[in-house]
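Look at the two complexes coming up: chain A is in both, with chain B in one and chain C in the other.
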Partner chain A sequence: MLVFAISDKGGTGRSVTSSNIVYRRALQGQDVCYLDFDFGSPTVGAIFRVSTASRGTTKGGMHRYLEGEIPEPTRIDVWTESDRDAIRAKPAGAGQMVLLPGDEGGGEFATFDGEMLKRCVRLFAGLHEQFDLIMVDLSAGRSFAAHLALAATAQLPRIPARWLVFHRWTRQHIIAANGLVRGDHGLLDVGVEHGHDRDALIDRIRFVRTAVLELGSGDFAHLRPAQRSWLNEIDRELRELATRHGVGLTTMLGKVPLDPVLQWREQLISDDDVAGTEIANPETVFAFDDLAKKIVDDTAWEGL
Partner chain B sequence: MLIMGEVRTGLLQNSAEIEERDHQAVLGLLAGERVRMSRRPIVYAVSPDLLTGVDCRLPSASRARIRGVGTVVSRSSITGGRVLQGSSYVRVTRGEVNYRLPWSHYLARPGVVEVLGKVSGPDVADGFLAFGAPGEHLDLGSVSDRFMDVVQESPVLDLRAPFRSNRTRLRWVAETGEPGVHFTLGEGQERTLKVTHQGEFSPAVVDLCEDLALHDWLLTTLLTIVQRARIGGASRPEVSARLAPAVDTLLHLWMPGARIHPSLAALWESLERTPGFSRQWQSLVERIRDQLAVNTLALLRETNG
Partner chain C sequence: MKLQPRQQLLEIWEAAARASSQGKEWRWGGRQGSNSISDAEQLLCFMYPASELPEFRLDTPDATSDDVLEALAAIGDSVEIPKRLLTLLDAYLTTYSDKDGRPLFGGDSYFLPNEPGEEITSEQRALDVVDSYSMSVTLMLGTLGFLKVFRRSVTRQDIRAKISDLESRANVRLSAAMVGLLRSFTINVFEPGSPQGQALLRTANQAKVHDRRVHDDLQKSLEEVRAGLRDLTIGSGSQVDLDNPNLLFECGWAWGVVKNAPEVVTDLKVGEQPKGVAPEVPYLYFTANALVGVVDLWSERTRVLGLLDDDQQQLANALQRRWDITQNYWRTVATFGKDRWPLEDIPWRTTDGKESDYYSLGVTAMVVQYLVRTRAGDVDLSRVAGVLEELARSARITRRPVENDLSAVALHHPGVKVTLLGSEELGPQLIWQVADFAITLLKRTIWVATITQSNRTRERLHSLADQIWAHIQQRQFTHQQVKGLWDNPAGAFDDVGDEQTQVSWYFTERIVEFLVTLALTSRESPLRSQQLVELAGEMLAEAEHLLNREQVIRPVRARLGASSTITTIATRLNRARKIMGERPASAAALINQSLLELDQLAAARENASEAM
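Our next item is the complex of A and B:
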């Protein structure tokens, strides 16, 4: 299955969340890969803590493959090449976890031609042969990468494809996330241009809320009653706003709580971060695990 | 002078074995011509030979700059309606001149790559078997891969294969001499094979390499499935569910040497002694059967007790 991670705004937590989903899916025993399609800033290597690709690779990555300069993009086996001991300890039964990094100094494309599209289609089809889950991290906003992905998936109707729109739980982000999907030149418009059916495409899009403050959680125990009721009121307004903008509970796949570790650093949360050193919250891992299951759970993707 | 090739092997992207009548449509995409089929002891279909023109550097262990011009011969095949192979090879020879001739010259010599300048056969062979960075040299694997991709794109296939799997890459070189064969398992999906055969090279050698690649892929894939099943680690029904695709898809495909010319049969037999493909396969199959039997018994006991 192909899963595309997009967001309207930068810094929403798209890369960190989708990387952690991929990691959880691998731990659940599935073969997974992660493609860095954020051509302008290919930094996903840093999240997986692969130092040879922390700012993209110099050996030929996604960008140069799509340009036709190299026959195959570099693949990095995260289980063996990560610098973190906790990641290198691959548990029995875990699936393959492979990173296809971007190119250091790659830069965004301005447009794409038929040849590039063909290469992209071939790449996706080949990866589908090998991996259960192919996560593609697209850059923020209405990017060229998103166009390419829409065009390629339109040519691959037999490979299941799903889209995750990441956004934070704020007024601006809710409105922007909806705009990215339904707005002018949004995902649906561009998808239809490339031959997708609008209704079928919309059924394949779900929203993911990132870095959410849970009002019921212990973090808020110290608040004064007035503060708490004010926050409750704001949250209610946001929920209403989200529903009005088609970003409400019915189209939400899941949400990830604000995590202290992720606030400081972009990384995979290992089980040791939760149970061993206890620096990360169990709820965060639970949320990633849950998303990793829901991505492939058809009941979470029934037509609305 | 030197003959070298690469076979890539993978799972045909379809939920079921494809029907006999679909082979023509699936493999015929490559060239309008007829697909050759044999039905015994296992359904096997192969495309006609296809030529790809090349003008590029040849691999070299000593990193010498060697330019070769000519054509690569490739074909794709499907075994048991399940396993897809792309196979390409070339005969490397010393050209008579040190400059590139008109294409008609090379087209008249299908499967021959002529070297412009000096060349040492063993140097090219060692460079080839070392699996350098892709894209720098004559890349027979990429050619094989492309033809496989075309097959996988066939609208006849539903792209819902029963499990995910990797394509293996087997590089081989063949020369004349005292008959012998040497197989090595490299990193990841890479394998190498050195074949020495009596008399002139014949396409039967390519058949041998493809058959070996097929069985190495079966073994590699089955091993992965068994490892993932976490026998003893996961619950019984889970283990059974993870082993099931192997039983349905792979077990009956094991037929080493089925299409090998009798003159090369001894080479297969020596591979059966070391590394002993069939021995390892048999022990895996028994392990799977035992697991399934034990799990079924346990299940019966639970439902009855």
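Our next item is the complex of A and C:
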């Protein structure tokens, strides 16, 4: 299955969340791979702590593959090449976890041609044979990468594809997330241009809220009562706004709570971070686990 | 008040969801098994708060709040919950319809034989009961409103089709329930000299005057009721002869369809209208219940959502007439005379010579409903408050039961026996056992508390409500599976030996209903006293004057701390002015604080000038 991670604005935690989902899915025993389609800033290696690819690879990555310079993009096995001990020890029963990074120094493409599209289609089809889940991390906003992905999936109707739109729980992000999907030149418009059926495509798009402050949780114990009451009211208004903008609970796949570890260092959260050093919150891992399951759970995508 | 309706309701939802779901399966029925009433009560535990309280709504999956989702986690997430409700409502409507789609309102396992051990016949089980009609009215209105709103969030064809199907079936059941209620209304006419007439006159005659005079006065004050009853057209009770001014009468609902009740002519699809066996005798319990149930038919929600079509509206109007007249009748009898009210003469004695605190409570319900509607004066309400307190005492809720106080305890467990006359034609004599005394008392108490204008009466009633609630909480289950639900009377009464293990949806649903009422009234603005508004106004004038003076005297030095004190005071006083009309006490608190700070500044200045 192909899963595309996209967001309208930067800083939503799109990459770190989707990386963690992939990691959780691998721990659940599935073979997963992660494609860095954030061409303008190919830094996803840093999240997996693969130092050879922290700013993209030098051995021929996604950029050079799509431009036809190399026959296959470099693959990195995260279980063996990560610098983190906690990640490098592949637990028994876990699936493959492979990273396909961009090129160091590679930049955003201005447009794409038929050849490039063919190469992209071939890449997706090939990976689909080998992996259960292919996470494609697209750059923020309306990008060339998103066009390419929509065009490629339109040619691969047999491969199930799903879209995750990441947004933070703020007024601006809610409006932006809706715009990215339903606005002019949004995902739906572009998708239809490339031959997708609008209704079928909208059924495959779900929203993921990131850096969510859980009002009921202990994080709020230190707030003054007035602040808490203010936040409750804001939250209620945001809900209404989200409902009006089609970003409400019915189209939400899950939410990821605000976690200091994610906030200050974008990284995979291992079980040791929660149970051992306790630097990360168990709720965060729970949220990732839940998302990793729901991504492939058809009933979660059934909708109303 | 110690009650927290939102918290309590969420706890009940969590408990009810846990008790009802067994994996993906739904567990119907409780203590007395599954039947058309108990299952409706079980569903209403969820549907009623969802349809009455915006914070608890389940029909708009996008807007379901987090604490609600947490409470209902056993059922599913915000999308699954409404889908699950569709399935459950579908199951309910299928179970309680015959193969032609005619709705069934049988009392089934709620019927008990008068002599324990006797076998109830299947014809008896199928007999319609007013309780089932009234629960169905509430449940179907909740269902229709839920479907109407939920439909807006749905785009999938199969779900939309299911919603339309449920809508039409729910409408059939609603119409049939209304027809049933119209056919179980009854007027009982009797001679003043008959035992019934004597009982009624004895009740009315609290001043102990001559029977003849009481009779004449009573007839006179019932004239309006009599005229109203004469004008009834459709349903039972319309063919009774009330022309003889010497005959006494009573009106209300029988326990089921009245024997020989005429069919209600309507274009609505309601199926065959069953023959009844109930004699033309109104029952206090069923009358009070019907009166509470049918109110939803003309509630604001029903009107705003346009839940009734024209034909249904016609039936609802006919019911509303009966509702009006019945309330008026019982109110007139219960508050008759200039001395002590018959209602205050506890326990109430029915015309068939039965006496119980439970009947007093039933009459109180009707009187309260009437008082709510007519915005009664505080003198009347304070008398009703007295009756409620007395009932709580004698039912051993606010007073400890003495040893072997069996009659008071029996009111709660096993409950008051109501003999269902006429049922013996089809088998053994049936009875109906009602054990909702405590919660009904609590409901009435809160009702009266919300309409009284007098703070003293309200305080009194709130403290009574707290005590009754404490009693009810003792009867809550504490063991797993049914934890947090009701009803276990052994928790409150030592004399009740047998511990219950099964949930009573009958009791639990009434608690939910009560908490919803409480939540609805808590959101209204508080009562305000004119005196307090005036006082706050005077105080504000002084504070603002002092503030102005402070601003004139003080040299402007922007970076010093004092000016920010002045700004804070000014902000606070502005706020006080803004809320003074609605919340004078809060305004006064703000003004007080400002006055203190202003005085501190003034005192400091005085001290400085003294030292010169």
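Just so we're on the same page, the second predicted complex is superposed on the first by the 302 of 304 C-alpha atoms of A that agree within 3 Å, B and C clash if a C-alpha of one lies under 4 Å from a C-alpha of the other, contacts with A are read in each partner's own complex, and residues count from 1 in each chain.
One rule holds for everything that comes next: a contact is a pair of C-beta atoms (placed from the backbone, for glycine too) under 8 Å apart; a residue touches a chain by one contact, two chains touch by 3 or more.
Remember, it's a predicted structure, so these values are computed and weren't measured experimentally.
Novice: Does chain B (first) or chain C (second) touch A:L241, or do both, or does neither?
Specialist: Neither: A:L241 stays clear of chain B and chain C.
Novice: Taking the superposition on A as described, I'd like to know which of chain B and chain C A:V296 touches: first, second, both or neither.
Specialist: Neither partner.
Novice: Looking at A:I159 after the superposition, I want to know if it touches chain B, chain C, both of them or none. Which is it: first, second, both, neither?
Specialist: Touch partner of A:I159: chain B, not chain C.
Novice: By residue count, is chain A touched more by chain B or by chain C?
Specialist: For chain A, the partner with the higher number of touched residues is B.
Novice: Chain A touches which residues of chain C in the complex?
Specialist: Counting only chain C, the residues touching chain A are 60-67, 70, 77-79, 82-83, 153-156, 159.
Novice: So in the complex, which bits of chain B are touching chain A?
Specialist: 10-11, 13, 133-135, 139, 142, 145, 149, 152-153, 157-161, 164-167, 228, 230, 233-234
Novice: Name, in rising order, each residue of chain A that touches chain C in their complex.
Specialist: 214-216, 239-240, 242-243, 248-251, 302-304
Novice: Looking at the complex, which residues from chain A come into contact with chain B?
Specialist: Touch residues, chain A against chain B: 29, 31, 59-60, 69-72, 92-93, 95, 122, 125-126, 128-132, 158-159.
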